[in-house]
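The two complexes that follow have subunit A in common; it is paired with subunit B in the first and with subunit C in the second.
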Partner chain A sequence: MHSGRTGPVIAACLAVVLGVIVLATFGPLLAPLDPAVQNLASVNAPPSGAHWLGTDALGRDILSRIIVGARTAFVGAFVIAATSFLFGNLLGLLAGYRGGWIDAILMRWVDMMWSIPTLLVLIVFAGIIGAQYWPSVAVLVVLTVPFDLRVVRGATLEQVPRPYVEAAKTLGVPGWRIMLLHIWPNVSASAIANAFLVFADALVVLSGLSFLGLGVPPGTPDWGLMLAENVPLLFVHPVASLAPGALIVLTATSMNLIGDWLQEQLATRGER
Partner chain B sequence: MGAGDGSAVVWARPRWAIGGASIRAYVARRLVVLAVLLVAVSFAVFCLLYLAPGNPIDMLLGQRPRTPATVSALTRQYNLDKPFFEQYWLWAWRALHLDFGTSIQTSLPVATEIKARLPTSLFLGCYAFGLATMTGIGLGVQAAVRRGTLVDRFVVSAVVIGLSTPVFVSGVGLLYVFAIQLHWLPAFGKGNGFFDELWHLTLPAIALAVPSTAYILKHARAAMLGVLEQDYIVFARARGLSPWRILFSYALRNALIPVVTMCGLVLSSLIVGAVLTEMTFSVQGIGHLLVQSALAKDIAVIQCVSLLVAVSVMATNLLADVLYLLVDPRIRLGRR
Partner chain C sequence: MSASAAVTANPQTMTSPLLSVKRLRIERRTAEGLQTLVSGVELTVQPGETIGIVGESGSGKSITTRAITGLLPPGLTATGEIRYAGRSLLGLRERDWRTVRGTELGLILQDPFTMLNPIMRCERILGESLRNGGTSWFARREEAIRRLAEVGIHDASVIDRYPFQLSGGMRQRVAIAAALARDPSLLIADEPSTALDVTTQREILALLRRIQVARGMSLILITHDLRVAFAMCDRIYVMYAGSLVEVAPADKLDAEPLHPYSNALLLSEPPVDRRVAELVAIPGSVPSPGEVANKCVFVPRCQWAQSACHQGSPLLREVMPGRLSACIRVDEIRGQMTALRRQSAEAVFRPADTTPRNQILQAHGIQKVFGGQRHPVVALDNVFLEVREGESVGLVGESGSGKTTLSRVLVGLEHATAGNVTVGGVNVADWRKLNRKDLATIRRTVQVVFQDPYSTLNPMRSIGWTLAEAITTHKPDTRQVDREVEGLLEAVGLPTSYAQRRPAALSGGMRQRVAIARALAARPRVLICDEPVSALDVSVQAQILNLLNRLRAEREIAYLFITHDLSIVRQVTERIYVMHRGRVVESGTTDDVLNHPQDPYTVRLLASAPTAERDWLDGTR
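Let's look at the complex of A and B:
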C-alpha cells in the first residue's frame, strides 16, 4: 500500500523465503544435532551453549528440529501451489478460451469450493481414512485448483477478444497453440502472483492440520506439530513453542507480501 | 481455503441471483437451492461411512470386541443389511429427528454430546464476531480518516501480519503473554456464570478474532477511503457540516455496505478458526469434539458435526446475501 517503501520489505521477504528453501533442501546437513535423538538426561532444558534453543520434553534439540522441520512445512505447500498452478492454468485457459459447457461445469466447481471450509474437510477426511500427510496434500490440491482456475479464467477472458487472438485464429493456428503460446504468456504474471498467495494459505492449513495431530505422523519434526507438542513447556521455556510458530507466520507473511507486491506491479505496469 | 484462516484471495459474491425480483422471491429461490444442497450434503456425509477403509462394522465397533451379538446389534441399528439407498433414507429420517447414533468414545448418544458443547461454541463465536466487527470497523475508519499518518501506517502493517497469522500461533502467543507472563487472564477452564465464562473465554475469543479483524479492517479502510473521496463529502464539508455528522451520517453509512457483505465470509472463517482455537485453549466446544472424534475415528460424531457445520455455513451465506439486499437500497428496489 506504500509503494515508496516496499523495496527493502520485499527484499527481506525474498531473503526469508530463500532461507526457508535452503533449510528445506539441506536441513539434515545443516542441523547441529540429530533431530530425532532423545537425551533424557537434559529434558526441557532452556537455551544453552550445547542447545541454542534448548531441548523439548524428550531431550531433543529444538534448533535442529526447527531446521529439519522446514522440509515438511515447505514441501507440502510447494507441491500444492505447483500442482494447482499447473491444473488451474490449463483448466482456466480452457474455460476462458473455449467457454460453453466446459466453462459452465468448471465454474460450478469453483462456486462449490468457495464456500467449503478447507481445514474442516481435511479434518473429516483424516478422521475417516486416518491421519496421513500426502493424502491430505492431494485433497488440498482438489480444493485449491479453483483459486488458480478462477484467476486464469478471468485473465483469459480479457485476452480472447483482442486482435492478436483473432489473427491467430484466422491464420488457422490450432486452439491449444493459441492458448499455451499466445494467450498464456499474457496471463502468466497474475497466475504466478496468485501462486504465492496459494502457497501461504497451504502452508498455514497444513501446519494447522499437524498442530491438531492430524497431519504429519507423531515424532516428525514439523513446525505445526512442535508448536502443539511444546505448549506445556510455555511455563519453563517458551521458545520451544513460540519459535516454530513465529517461523510459520514469518514464512506465510513473506509469501503473501511477495504475492501482493507482484499483483501491484502488474496493476501499475500499464501506466508506466 | 475459501473461508479459511485469513485467506488472501477475496471472492466476489455471486451476482447471478440478484435481478429485479423482489426479496421474497429471491429468498424463496435460495431456500429451494438450500434444500437441494442439504440433501446432497447429507448424502455425502452418509457416504463417509462407506469411504472408510475396511467395512462399516469395524468402523462402528471402534475398540469394542467383535462378537456375533455386537455385530448383529450394529447391523440392526444402522440397517446395514438393507439396500444402500434405503439405508441412506433411514439414516436421514433419524437424523431429521436428531438421532445420529452413539459415540464410540463415550457410548453416549451423539445428540447429547453436541447439546452439551454447542452453547460454549456459540458463545465463543458470538464473542469473537463482536470483537472482530467492532475493532475492525473502528480501526479501519480511524485509519482511513487519518490516512498517511503514523496511526494509519501502523494499522496497515498490523493488518498484513494479522492476515497471515493462523489462530493457533496467535493463540499460543497470547497464552504466553497474558496468561503466563502477566497473569491477567486465565489460560484454561470454563468458569461459572455468565461473567466468569466471558472472562475465561476472552483470550480464546481474541485469538479467534485476529484474522477476521484484520480482514474487516482492510476492507473497512478501503471502503471508507473510497467514500471520503466522493463529491458529496466535499460538498458536505463545504456546507460547513460538523465532522462528526459527515463521518456518521454521510460517510459511514455508505462505507459499511461492502463491509456488511463480508459478514458471511467472516462467520464461516470463524467456524474454521474455532476448531483451532478450541484445541489451543482446550475449550470444550464442537471443534474440540470434532478433532477428538477424528483422532478416535468416531464416525457417528464426525457425521453429525460435519452436517452441523455444513448447515451453519450454508445458512450463514444465505443470511449474508439477504443482509446485502436489505442494506443496499439500489438492489433492494430492483434498480442497479
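Let's look at the complex of A and C:
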C-alpha cells in the first residue's frame, strides 16, 4: 500500500466495525443475560452492577439486547451490500463495456430507481405484503444495485478507450476476460469503496424500517426497534434509546470513513 | 551565422549579460528528504541572443526556466544566483515579480491551452496584457488587432473568439501575442511547437525568429529536438539528468559535439534525406539525477566511461574558446567520437529484395464518417491501401489526417461506414458477422503496437501475466507458458526477470518493448505500429526502431508504420502512403515520394520536417 500509516481515526473505525462483526456473530453467547427475559419487578432501571445499561420498560436487560441486536443490524446491511456489489459490478461492467441496447436498458432501470425515494417504496411494499425483514432486504437489493451499477459503469467507460483494453481486443481476448480480468481490477477501487457506502446506507435504512415498525417483528432485539421502543423514555431513561441510536450512527460513520480510506489506498495500486 | 552569434562568441568576457544564472540547484522536498532535480546550471543570455536548452524529457529544462521566471511549483526550491539586468531574481516577492514577468520576461508554454484563459475572448486576453493600449476601448481594440497581425493573424474577427474556437497553431500565435504584449526584452519559449503539427511547427518557429530579430529581443528556446535548436539558436546548452553537459555555439556543436551524450544524441537522430544501415542507439534509458549523483551523469550509458568518471561529478570547463564540456575525457576521445560519426554517415543501407509477394492486408474504398446526420465528419474518404508479405509500408500525414482511424478500421476497433477490409484472405464487410474461425485467422494475421506506452499495458497486471495471456489466447494448449514468456522478453531485449514487474516500474521504452512482445505472441504476419516511438525520448527511439528492423528481418513480419515523422518513415519503410484530410494523396516507394514528391501537400510536409539548416525556416509567412 501507499503508506503504512493508517491514522488513529481509521484504526478506531476498524475497531468499531470488527466489534460489531464479533457481536453479530457470537452475540447470543456474549450477552450476559437472556435478552428476551422480562423482569417486571425492575423496569426502567438505571445502569447498575446487575444491568450495566439498565433495563427497559419490560425489565429486559438493555446491554444484552444491544449485543444480540447487532445481528439484525449487520446481517441485512451486509447481504444488501454484498449482493448489490456482485450484481452492480457485473452489470456495470457489462453496460460500460458492451454499450448498445444492454446499456440502454440497464440505464433506464438506473434512472427509474434513482428517481424513486427508497423509504417510500419500502413503506408501500410493507403495506402490501406486511412488515417483514427479509422481503424488505430483497427490495432494498433491487433498489441498491443501480447505485453500484452506475459507479462501475462510469469507471468502466473511462477504461474502455484505453490502449490496454484495445490491445486485449485486438489480441482476441474474450470479452468476459477483458471485463473481469483487465477492466475490473482498474475500477475496483471505486467499486469497493462504494460497497462500504452502500452498507452504511442500508444499515440506516433497515434500522429506520424497524424504527417505523416495518422491519423486524415486535419483540426482536434490534437497534432500530429499541430506539423506537425506548424513545418515549428519552427524558426518564436516556441510555435506553441513546445507546442503540449511537451504535447505528457510529457503525454507519465508521463504514463510510473506511470506504473513503480504502478508495485512497486502492487508487494508487497501479502506480507502483 | 547571424550577427548576434558573432558578438557573443565568447560570453565569458562580455560585460553585462541580460540574464545570468549561476550554480542553480533545484530540489524537491519528499518524505525521504531532499531530492535534487537540477544542479550546477550556469546560463548567460546576451541582449538580442537566442539560446537553446536541449535535453530529453525529465532532464530539467522546464523547471530551470520555471525557476528563472519565479514559477516553481510548490514543493520545489531553487538556490544559487539568478540575475536579470543586474538585479537578483531569486527570493523576489510575488508582488515584485509582477513588474518583471510580462514586462521584462515573457513566457510561452508547450500547450497554448494552459496559457489562455478559456473563458476570455482573445480581445480580453490581449487587453489584460497590453500596457500602452490606450485608455479608450477603441484604442485598445485597435492595438490588440495590430498585435495579432504581428503574429500573423490578419483576420480581425479572431479577436472576438474564445481560445477553444481556434486551431492549435492560432492559439499558440495568440499566446505569443499575449507574451509579447508588454514588449519583454527576454522571451522564454518552452517547447512552443511540440504540441503542434509539423507544418504548423515550422510556421510558429519562423514567426518567433522573425519577431526576435525585428525586436532585437533575447530568446530562450527549450526543445528536445536538436535540429530545431540548430536552426533557431546562436548558442546551445545541452542538459541531461538535471545537469548541463555541454555548451557550444550552434554551428560548432553541429560540426563537432564535445560530449559523448551530445554526440550520441546527434547520431540517434534519424536523417531525413537517406536511409542508414542501422541507427546508433544509446543503450539504457535516462536516469534520474539521484541515480547519478557524484559521478558523471552519463556514466551508465557512456562507452568511454572509466573509473575516473565515477569520482565526483565533473564540472563544465572550457575546452575551446566559447565551448564548454563536462566530460573529463573529452580531449582523449574526440577522435573516436568523430570516427563514430563518420562511420554512421558512410554505412549504407542495403535494400532488401523486393520481389512482389502475396498481399495480406488490404483496405478497399474505406469510408468512415463520425458524428450524427447533422454534423458528419468524414475521417476517411475512399481509401485504398495494401500491405504485402514481408514488406514495410509507411502511412504518413499530420494529426487529424485519419491515419489512426484507418489503422483502427483495419483491425476492427472501428467499423467502416463503407468499403471493406481483407485480412489474410478473409474478406470483412462487417466485423460483427464474422465467425469464430475467421476472427481467429484475422487476429493471427494482424497485431497492433499502440502509440502511448504508458497506457498500453494494464497497470494492475505484471508483465508476465500480460504476455502469458497473449500466448494462451492464441495457443490455449501451450505447455510451458513461462518459457514462452521468457522467449518473448529475450526477443525484445528485456531481462527475463522483468516478468514479475508491474508496468509502473518500467520506463517508456521498456513498456513499448513489452507491447511489441505482446503483439509478437500471436506470431502475426503484419504488425501495425501506430506512432510507436513518438512518446519516447530521442535516445530511446533509435533503440525501438532498431528492434523493429531486427524483428522484421528475423521473423519476416510486414509492417504498417504510422508516423508523422518523415525521417523515421525513411528509416523503416520501403513504400509509403501520404494521407491528408482523410484521403490518400500520394503513394509510391519511399525514396520516390520523399525525393520527388508530386502532390502539393507532400511537398509542404517535406519542407516542414526540421533540418539543422538555418534556411529551413526561410520562405514561410
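Simple rule for what comes next: the second predicted complex is superposed on the first by the 256 of 272 C-alpha atoms of A that agree within 3 Å, B and C clash if a C-alpha of one lies under 4 Å from a C-alpha of the other, contacts with A are read in each partner's own complex, and residues count from 1 in each chain.
We adopt the following convention: a residue touches a chain if its C-beta (ideal position, glycine included) is under 8 Å from a C-beta of that chain, and two chains touch if they have at least 3 such contacts.
Because the structure is a prediction, the values reported are computed rather than measured.
A.B. asks: Kindly say whether there is room for both subunit B and subunit C on subunit A in the superposition, answering fit or clash.
C.D. replies: After superposition on subunit A, which the two structures share, subunit B sits beside subunit C with no clash.
A.B. asks: By residue count, which of the two partners contacts subunit A more extensively, subunit B or subunit C?
C.D. replies: The partner with more contacted residues on subunit A is B.
A.B. asks: Look at A:167 in the shared chain and tell me whether it touches subunit B only, subunit C only, both, or neither; answer first, second, both or neither.
C.D. replies: So A:167 only meets subunit C here.
A.B. asks: Using the superposed model, measure off the angle between the directions from the CA centre of subunit A to subunit B and to subunit C, in steps of 10°.
C.D. replies: If I round to tens, I get 90 degrees.
A.B. asks: Using the superposition on chain A described above, determine whether A:179 touches subunit B (first), subunit C (second), both, or neither.
C.D. replies: After superposition on chain A, A:179 lies in contact with neither partner.
A.B. asks: For A:145, decide between first (touching subunit B), second (touching subunit C), both and neither.
C.D. replies: Neither partner.
A.B. asks: Shortest C-alpha to C-alpha distance from subunit B to subunit C once the two structures are superposed, in angstrom?
C.D. replies: Superposed model gives a least subunit B-subunit C C-alpha distance of 10 Å.
A.B. asks: Over in the complex, which subunit C residues touch subunit A? Could you list them?
C.D. replies: 411-413, 439-440, 443, 446-448, 450-452, 455-461, 469-470, 473-474, 502-505, 515, 518-519, 521-522
A.B. asks: What does subunit B use to touch subunit A in their complex?
C.D. replies: 1-9, 11, 14, 48, 51-53, 153, 156, 160-161, 163-166, 168-169, 172-173, 175-176, 180, 268-269, 271-272, 275-276, 279-280, 290-291, 293-295, 297-299, 302, 306, 309, 313-314, 317
A.B. asks: Under the definition above, what is the set of subunit A residues touching subunit C in their complex?
C.D. replies: 162-164, 166-173, 177, 181-182, 185-186, 269-272
A.B. asks: Which bits of subunit A are touching subunit B when the two form their complex?
C.D. replies: 1-2, 111, 113-120, 123-124, 126-131, 143-144, 147, 194, 197-198, 200-202, 204-205, 207-208, 211-214, 224, 227-228, 231, 234-235, 238, 241-242, 245-246, 248-249, 252-253, 255-257, 259-260
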